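Chain lettering (A, B, C and D) follows the sequence in which the chains are written, and residue indices restart at 1 in each chain.
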Amino acid sequence: MIIMKTEATEKQIDRVVKEIRKYGLRADVSRGEFKTVIGLIGDERKIPFDHFAALPGVKEVIKIEIPYKLISREYHKFFEGLESGTKVVEIGNVRIGNNELIVMAGPCAVESKKQLFRIAEGVKKAGTHILRGGVFKPRSSVHSFQGLGAIDWETAEKALMWLKETGEEFELPVVTEVRGEAYVDLVAEYADILQIGARNMYNQDLLTTVARKKKPVLLKRHFGASIEEFLSFAEYIAAEGNKDIILCERGIVPVGKGREYTRYTLDLAAIPAIRKETYLPIIADPSHGTGRRNLIFNMSCAAVAAGAHGLMIEVHYNPLEALVDGQQAITPDELENIIKACREISQIIGSKMNESQTDIR
Amino acid sequence: MIIMKTEATEKQIDRVVKEIRKYGLRADVSRGEFKTVIGLIGDERKIPFDHFAALPGVKEVIKIEIPYKLISREYHKFFEGLESGTKVVEIGNVRIGNNELIVMAGPCAVESKKQLFRIAEGVKKAGTHILRGGVFKPRSSVHSFQGLGAIDWETAEKALMWLKETGEEFELPVVTEVRGEAYVDLVAEYADILQIGARNMYNQDLLTTVARKKKPVLLKRHFGASIEEFLSFAEYIAAEGNKDIILCERGIVPVGKGREYTRYTLDLAAIPAIRKETYLPIIADPSHGTGRRNLIFNMSCAAVAAGAHGLMIEVHYNPLEALVDGQQAITPDELENIIKACREISQIIGSKMNESQTDIR
Amino acid sequence: MIIMKTEATEKQIDRVVKEIRKYGLRADVSRGEFKTVIGLIGDERKIPFDHFAALPGVKEVIKIEIPYKLISREYHKFFEGLESGTKVVEIGNVRIGNNELIVMAGPCAVESKKQLFRIAEGVKKAGTHILRGGVFKPRSSVHSFQGLGAIDWETAEKALMWLKETGEEFELPVVTEVRGEAYVDLVAEYADILQIGARNMYNQDLLTTVARKKKPVLLKRHFGASIEEFLSFAEYIAAEGNKDIILCERGIVPVGKGREYTRYTLDLAAIPAIRKETYLPIIADPSHGTGRRNLIFNMSCAAVAAGAHGLMIEVHYNPLEALVDGQQAITPDELENIIKACREISQIIGSKMNESQTDIR
Amino acid sequence: MIIMKTEATEKQIDRVVKEIRKYGLRADVSRGEFKTVIGLIGDERKIPFDHFAALPGVKEVIKIEIPYKLISREYHKFFEGLESGTKVVEIGNVRIGNNELIVMAGPCAVESKKQLFRIAEGVKKAGTHILRGGVFKPRSSVHSFQGLGAIDWETAEKALMWLKETGEEFELPVVTEVRGEAYVDLVAEYADILQIGARNMYNQDLLTTVARKKKPVLLKRHFGASIEEFLSFAEYIAAEGNKDIILCERGIVPVGKGREYTRYTLDLAAIPAIRKETYLPIIADPSHGTGRRNLIFNMSCAAVAAGAHGLMIEVHYNPLEALVDGQQAITPDELENIIKACREISQIIGSKMNESQTDIR
């Protein structure tokens, strides 16, 4: 990370960028009010840091040893002159990352326009901010329903259109998953947030391709990923110049023997731990994280208490009818009850955290 | 499980018990207002259930396939005639298992009477119900401080005495860990709750010996234990006729590579999942669960939101001075802030859970 | 799975296939000497099995409940009329899946033609059958060296060319990883085996795209994947009609606290367990699995003893100089020693397994 | 660790020991031919190392930062003047830790004298060195058969007597588990090796009590324990002056979702990794580690290839009849086949490891 002097000229900045490129790296130039900070993207081992420190206009060269530099609080501190705080990602009128709890809800899979409309109506009434709905469903078995997107291109586009139209009807921005590189352009045409599912967290080509669309990206943590890996792969998105990233904790691989009481282990402590490392907002998905309808109420509340900026919840007017993951879907009424409880908890957390001697930032 | 007819006589009950013993099993006789239920303890494979069903006074023979029968909701339903609810464990004036959040706090290890007194004063003022303090500290390394209890018998007794006296001084019942069978009698003389630490959860001889003291037992989940194993080992305590059991979630083994952001993975979804299986109260220990002072606030709130009946938190007036686990201790002031937040959350959870269509029971 | 009568006509087979498609599924038609078996690919829930059983020419309809039907021993049994055995995958003159141990070795990353040539010379002399070399290296950090393939298309092609030429020079077929869908055509032009890395195991779009190239595919198990998931994703490749699949165990996420002694946990019991489920050959990668040079000798031998059909090992003439993963590379001399030991073990396993009452098939 | 000068007098050694005790620690005095090494046992934080370095007769004070000092290769190096090698533990005529593979086999649980005799006869013929047989069986469910030892003291003693007599009959030393502190004296009267089961690995009071019997101890790794913890708890035994310790890898908690293909994950890479850390011999238990009869052949061979000094295997003449864990028992004939294969592999490993540039020590 190279910090330029306040009085550094554009020409001096350009020269630094060019020198960086000469070494096979890319530059992330952040122009703040008082200073410009240049982040190096790529393999820094060959960089002669002393040489850069001596270039005209350079104030300081700082090495950040963690693999997620661009999204780290440390980097942000220099870039924005902020000591703390979370980046607010804007999706239309919805702002995620500040004190207001944001809820993304909707069906696991889009099944028909009618189904989607009816669920959207329900979740809107319950207090949802963003409509979710899967068109491409990555499933563990090739013999399971893969979402309407898997049938053919035309059906995929039709389903995405329904999502967009329904979102507009209820004034809800929409989020949907992109499953493969081939669909990035298509999905980006219709969705407000591009979701990268847990199974694709390590798919760096998809991350890079999605990042370039310059739309907000929702990145789910892989169930086998450590916190360090999760943030390191978010860095792949930031490295393309797209820092509108929303992180999502959705459970890690279960450990131990015997009956399955929860589908995954929702790692809620990762939420405050991650908030101390990065300025990016983070939400939780208790639906996939637990896989059990009757655990969603408590785990939604717990996620918010842990410091989540938002929730992603699967809703169906008749969960038993859902084509995918019905056992984890809740009804719109239940969602309304959850949102009310979570909002109250969010306020308590917001006010008491200020009094905490060890607050989140 | 054998359910006796309402009009069954004592003699008929006795006969059933005797028959059970003939097969090498023990009987758990629960006399309710309207009926008596007899649980079988031991290897049931050889039991001729038809024979028992035909004995005079027997109404019904029901097989419970899970390994934790005596502490299961299903068994309790017959025993108490209750459809739901949690067993309230009483420790002096403190009642755990109902809607009031119970906090156990104090030093990780008792270091001196002065240290203990000063911390007890702080935690009492902060709103704590029960004083914790380790005299025997099971540590991973034989080269670490093992608690005053490990020095010699006399010092162990002195430290336990301090604990008891300090508890009396501040009107706080005390909980402390029993590390080995040899110390059960000694600890039971001074402590109000006998704690079995995570490392000893699988130590069934210790569980049995402790259970027989007929004092409330706090059983911590081992960090390698599944939910099924956790409940199956609690059953060892119940099998001795002691159902004053408080369960405690304190984190499971971390999974994944790289830097350690939390010491264990606090498995909060286990809390509502366990509450659906058993009528026993359950608390969380965010201090050991995270091992990081700056995660305690959020994870305490999250545990309560997940449905915990109480919390166990390590406190020190000067965490940096603590002989054991200082990096996870918080100050009395911070504890006060946490208790306030958690109480408010507890009330929200209590009231909204009733409205939930998928409530905890 | 639909088994046709021996005398079933092509027309009858066609009709079954058409009916399958009517329900939105695909058909995998396997024509054996005596009978034809038709596997259904897709969501079977809507299929009226009785209807199919009644179609002319149909002998039997069998449901396989596991998510990996096409690669299962059960399916293979009907298809090939074989009761046991492993499918032999042919790559040029090399045959993997029979009793001869196959070794794939080479540098972690291709760095230069000279480096590749020198290593290939060494591994050939040591007894290697297939040359490995990474052109695209998926790394956890965007700030690490990503392989020559990540620089630009031209460099990628040049590196692939080196690989092909070096392979030809030493008469070694080559295997290399495909990191993203965009590179599938390019890599397929140069490589004899297309490798899908552990991080991409869940990337079903990549699996499908690679499968269609009709070249042998090496699929590595993701470090967070259960055995069931691993086989279920191999099924995505088989579902495209490509059953030339080589499975590879390379370690799962480490569990537990404290110092890292091995980078992953090599799950060797998965090897015989998987061989009982599927007829596909399976190899092990002790280099990535342990991440420690001084564990490779023992873990290679152990993998072969566990029943692996082959090994994939990283070799460098000077491990300390390697740009990627030098700490896990061994020298050609060490490889020679390993291959000798493993061959002897392979023979013992081969002969004694026949005497085993519980042999692998 | 304090290394005394060659010419140090007994008086000087005594003074060092006394000074160590003054600080509340214990001393482990190892007298070699040329020098005496004194290990410190306990909390070293308060020790003024400079003071010790200045005492008469002291040559050098060396700090070992790992928690398993006394059993480490580093310590052994000074103590024995050896640069490498493994400690040979002697049990009667059986020596474990050198190049000969040692097999411990027998029933999971002792059921009757007749059953034990018949199995012992079979395993002896198959080539077994040590007879195993559980009298106390720690089970997850209180409702399962707990071994004859759990019935009453008299039955426990009778079963132990059978074990001893049967061992003598077939000239096989015997190993059996001690489940609780109360049984240590009893078991020590009859058994040649005292086994501490996986569930009790963290039970430091049991470890200490068992260690004091001065008989060889077999310590199984807990399924939730890291390698560092495993060795740190073995250190508790060594700290009592008993270094006749045999380590045993028996599988760690399974990770991941879906069907269970193996009961635990046998962590074979831990074997060579542990051999590089400590001079203690290590064996593997593929019976508990896999829980599947048809995986024992391969995983026994794999464990030996990984560097295990021995194996512990459950055998029953009729596995389907066994009261405990029948699904993982093999027949004596199958054992014979395994032992033959493993011996051949052991010889290959022994000879090739010498040629390895990265051999185990």
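Heads up, the rule we're going with is that a residue touches a chain if its C-beta (ideal position, glycine included) is under 8 Å from a C-beta of that chain, and two chains touch if they have at least 3 such contacts.
Since this is a predicted model, take the numbers as computed values, not measurements.
Asks: How much rotation, in degrees rounded to the nearest 5, is required to superimpose chain A onto chain B on the basis of Cα coordinates?
Replies: Between chain A and chain B the superposing rotation measures out at 180 degrees.
Asks: With contacts defined as at the top, give the pair, B-C or B-D, that has more of them.
Replies: Here the pair linked by more C-beta pairs in contact is B-D.
Asks: Using each chain's Cα centroid, which is most distant from the centroid of chain C?
Replies: Checked the centroid distances; the maximum from chain C is B.
Asks: From the C-alpha centre of chain A to that of chain B, how far is it in Å?
Replies: Using C-alpha averages as centres, the distance is 37 Å.
Asks: Starting from the mean Cα coordinates of chain B and chain D, work out the distance between those two points in Å.
Replies: 33
Asks: Centroid of chain B to centroid of chain C, CA atoms only: how many Å?
Replies: The separation of the two C-alpha centroids amounts to 48 Å.
Asks: Which chain D residues sit where two or more other chains touch them?
Replies: 224-225, 228-229, 252-253, 255-257
Asks: Inside the complex, what are the residues of chain D that reach chain B?
Replies: 24, 40-45, 67-69, 138, 140-146, 151, 179-182, 199-200, 202-206, 222-225, 228-229, 232-233, 235-236, 239, 252-253, 255
Asks: Where on chain B is chain A touching in the complex?
Replies: 224-229, 252-253, 255-259, 261-262, 265-274, 276-277, 289-290, 292-299, 301-307, 330-331, 333-334, 337-338, 340-341, 344-345, 348-349, 352-353, 355-360
Asks: So in the complex, the part of chain A that touches chain D is made up of which residues?
Replies: Contact set of chain A toward chain D: 253-257, 260, 263-264.
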